[in-house]
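Please go over the structures that come below.
Next, two complexes with chain A in common: one pairs it with chain B, the other with chain C.
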Partner chain A sequence: MARVDLWWLPRALILGLLAFIIFGPLTNLVLWTVAEKWYFPHMLPLEYGFSFWQRVFAPRGNAMGSLLTSITIAILTVIASLALAIPAGYALSRLKLPFRGLILLAFLIPQAFPNLPVYVNIARFFYQIGLNGTIAGVVMVHVTHGLVYAVWIATAAFSAVDTDLEEAARSIGAGPFRAFRDVTLPLAAPGLMASAIFVFLESLDEFTGTYFVGAPDVTTLPLLLYTAGSGGNYQIASITALLLLVPSIGFMLVVERFLRADVLSKVGH
Partner chain B sequence: MTIQAFLKVEKMSVGYGATTVLDDLDLGIGKGEFVALLGSSGCGKTTLLRTIAGFAKPNAGSIRVAGRDVTHMAPDKRGMALVFQSYALWPHMTVAQNIGYGLKLQKRSREEIDARIKEMQDLLGLSGLGSRKPGQLSGGQRQRVALGRALAIDPEILLLDEPLSNLDARIRLTVRHEIRSLQKRLGITAIHVTHDREEAMVMADRIVIMNAGRIEQQGSPEAVYNMPASPFVAAFMGAENILSMQARVSGEQIELHEGAFNASTVTARNGRDLRSGPVELRFRAEAARLTSNSATAAVEPGALELRGQVTSVSYPGGHWRHAVRLGVDEILVDSDNPFGQGEIVKISVPATALFIFNASSEGTAH
Partner chain C sequence: MQKRLIAIALVLPALIMIVLFFIVPLFASVVGAFDVGGVLGLGNFTKSFELYSGDMIFTVVIVTVSTALIGLLSIAIGGYLTLGENPRAVAILRWLYRWPMFIPFIVVGQVMRTFLAKNGLMNNILVSLGLLTPLQTIGFLDWRGIVIAFVWKQTPFVTLLVAGAMASLDRSTIEAARNLGASRLRILIEIVLPQIATTLMVGLILSFVTMMSVLSVPLMINAQSPTMLTADIAFRINAHGDYGVANALGLISLILTAGAALIYLRHSVKERS
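Coming up: the complex of A and B.
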């Protein structure tokens, strides 16, 4: 054992660095949520406590209200997105549509343009037709955003269901809708579930569109976070951020179970 | 056809875009008959089956079942059941749910469905597997579930799309007989698509040989085997040896002219549709007889005698297989005793084993 493998050193360093990049800010965030007093040049908070948690969850604190608004909007966005993505995804996966690739790309357009000018114009338009400051308006903005995930993943999920399975049902007496309901939909369900989770998380995190279309009547958690952060109240901001993080991490752990390799391999095809 | 056709396909053409898959095809199938559609891949046999099932739309022609026009009917209204090559079992349903699905669609009562599922399981040897998912079954069991699912609804016509091609060779042999005896017992009309000649021969009442979207020949297994109507059918039925000769047809006799390797032979016409001129001869390796050059046994009347040189000998099992060279042609001939490499041998092909076709007919697909 004369030779000592020194490769562990750079490897350990890189892994350590990676861990720091990921967990460093998170640690900072968690520390802020329990810091009562913390100022420069101290490395760690001077006093710990939960008084800011009480302020966030107090009836006057807005946080619970915003959380409820956020979740309501996210659920409505998921329902609307899936209602559009299920028929669209099925059509894109089954029918021999011309320009199929172009249609799929079209759903990326909302992401392709710079957000601010788009939302300013949407806000102006919504203001004219009275949708500004309504939940419905915010949901519509979120749907345009979420649709790209919903349609792409739904198309992949339906493509992963063999047409033979559907035809087997047709051949022994199932009408087209019955075959879809009993065979195609249950088999595509995990993929659709995954797309629903993506849309939900996307909606929960969305800021720019909500800000222009919803504020100040509709306050979601990211808007609250923004207000607290820009007001210099890092404790409130951190607690709100932590609240936003919980569903994200939870769902990310779940989504991995729903998105099987055969579905993933068909995304965008 | 002597029997009244139960399923009647008339003047049917099917194509995708510019390509024609089936061209002006006619086919009649009697009630209770087991018909095999046999052909190499791409011959249109699966398309024909899928068109009958309603999954492909014909451009022209009609399909009738018991006098009822089903040409434009949806697949679920046709009273047929298709067994897929991939089995297409629903992985989210149990074996019992798979088998019972068609009955559930017919809104039968719970008890009736359960009784029928049990009956199917007993019939197919699937007892005790009812609560398993298809993923937990072996290939043979899956195949039987697929069959049970199709049979449970008592279809007027059972369509089988190469249902045995995904099975192990050994299981395939037993399943062949199982399906055949089941079909006989239940008296179902069945159409079976396959590219396996032996499978078609063993299972079917009638074999329909397809080539390039047309029916080349149809008839009983022994008819297509012993009286192939075209070089394609002869080759598909195992007559792989080809020789070219000149022939003169006069009345009921065919005279094969003397060539470099054969003496002239006169054989009976036997109803063959043949013109004088260049002909193509085909015969099976096992149908010819090999003797040494010095043998002096008399040539039986009508047989073709050839003389050639053995180029290689192999033993595939049961008999010796010789490659014999006749000028540029090489033929394969089986014999019970081996002949040495380089030896000059006599080959005699009996008249009944000799398939003669006019050369350069449009059917020469090789």
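Coming up: the complex of A and C.
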């Protein structure tokens, strides 16, 4: 006869409480996106419907425009970051570099200092050279912030590739560039993919830099969410928040597939 | 020699990006803090302390309380993941804890604003359960809202680091202590915690810095006074175009962050010696 484990009582209580703390606010967000009518003290919305979704996705609605701007900026940020990070990561993992540790640390600086004063001064500088309120300006800010992920993960991805394979390609007559393109790059691809996703999400979710450098001409989804929220339009704000939430949670669920343990253990080394 | 030059050339573009768009503006902000109408002076700081000394204390208290709570929760969750003896409960906890990790701050702000409000879902549930009457409900959209939002969002990140460090510890000392009859709480505090202290410290400092520079959460949850320095900086720029005071407030938050890191470092050095 199976013995009843009395410890499940406190365990279930604590795990249940934790589940409520984590999923309660998220459920609330989803409810707001389909609430047509909801006021105090009713626990749940009085009427459900998708009329706000129609409004958000209407051709005239500004959400579609913001979504497009956000995705354009994020894709450009990924391309620019990888173009900078792949050569840098290769050099940091394979070639002899003076001050290698210091160079790796330098990419961490944008994450290690409060960056609001920096954004304020970039905005001022961009304003003088006409980059304020342009997509190019916002992309530059996002690239600077995302480079730490791009460079660190790219370095780790290249370090995890066996040097023997590259040397074998060289010994049968491939040039250094060919050996890199045909052997090392494909083998490092999953790690580079992970760094691309990281940079994409960082750019998609970034608020503060865009708020100073992009607004009011460049409206990304986070800025739309902020404006809708401060205007008291909780349905539009919640729908925008949900649009931002889906890729983030999707990534959390698959991150381990891209970022294998052998790459992860080399991050920052 | 040539190889070395190639290596430097490959790293240089990325480094220039960091210097141009982060380090130069950072210096500009430090210099700008002392720029009072074209002359060097401390005017921006006197004005900052006159107007915002309350907010400075408010910011430090909120971020410190949040960091402490994040530390406690991540040790508790990481500890259970490492020492928990029921595989099913450990698996559920491992699945559960990381959900908020990648959720952007701006979404956290919106989610918490609707959840914690006086007429938000949390109070609605408590009223429906009969735990509160509608008249007793209070909103949490003040310093408590900010702390809740920060802890909710940052705990998974620190826990991930802490749990990872705990998982790679040598199990033999833990097993030995367990065989000698030590309780799991004692093992956590006396054996596990000292070995992962560095990882915990790195995670907490990174969280501290992140929370010091988040603008969206204070703007969305509690924009009225007292509020956090980030909201004040944005207000100085947007409402007054006052870069001097904004830069002074930025430098003050930089010093507060460095101070927190220093205090912790000195404390941990003392404990080790």
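Here is the rule we use: the second predicted complex is superposed on the first by the 260 of 269 C-alpha atoms of A that agree within 3 Å, B and C clash if a C-alpha of one lies under 4 Å from a C-alpha of the other, contacts with A are read in each partner's own complex, and residues count from 1 in each chain.
Simple rule for what comes next: contacts are C-beta pairs under 8 Å (C-beta built on N, C-alpha and C of every residue); 3 or more make two chains touch, one makes a residue touch a chain.
Computed from a prediction, not measured in an experiment: that's the story for all the values here.
The superposed arrangement places chain B and chain C next to each other on chain A without a clash.
In the overlay built on the shared chain, the residue A:72 is in contact with neither chain B nor chain C. By the touch criterion defined above, A:168 reaches chain B but does not reach chain C. Seen from the Cα centre of chain A, chain B and chain C lie 100° apart once the structures are superposed, a value rounded to the nearest 10.
In the superposition on chain A, A:134 makes contact with neither chain B nor chain C. Between chain B and chain C, more residues of chain A are touched by C.
In the superposition on chain A, contact of A:233 is made with neither chain B nor chain C. In the superposition on chain A, contact is made by A:118 with chain C only, not with chain B. Put simply, chain B and chain C get as close as 12 Å, counting only Cα atoms, in the superposed view.
Shared contact residues of chain A with chain B and chain C: none. Residue ranges of chain B in contact with chain A, taken from their complex: 53-55, 74-76, 80-82, 84, 86, 88-92, 101-102, 105-106, 146, 149-150, 152-153, 155, 159. By the touch criterion given at the top, residues 162, 164-165, 167-176, 178-179, 182-183, 186-187 of chain A touch chain B in their complex. Of all the residues in chain C, the ones that touch chain A in their complex are 3-4, 6-8, 10-11, 13-15, 17-18, 21-23, 25-26, 28-29, 32, 86, 89, 92-93, 96-107, 109-115, 118-125, 127-128, 134, 152, 206, 209-210, 212-216, 219-220, 230, 233-234, 237, 243, 246-247, 249-251, 253-254, 257. Interface residues of chain A, counted against chain C in their complex, comprise 5, 7, 11, 15, 18-19, 21-29, 31-32, 39-44, 84-85, 87-88, 90-92, 95-98, 103, 106-107, 109-122, 124-125, 140-141, 143-144, 147, 151, 201, 204-205, 207-208, 211-212, 222, 225-226, 229-230, 234, 237-238, 241, 244-245, 248-249, 251-252.
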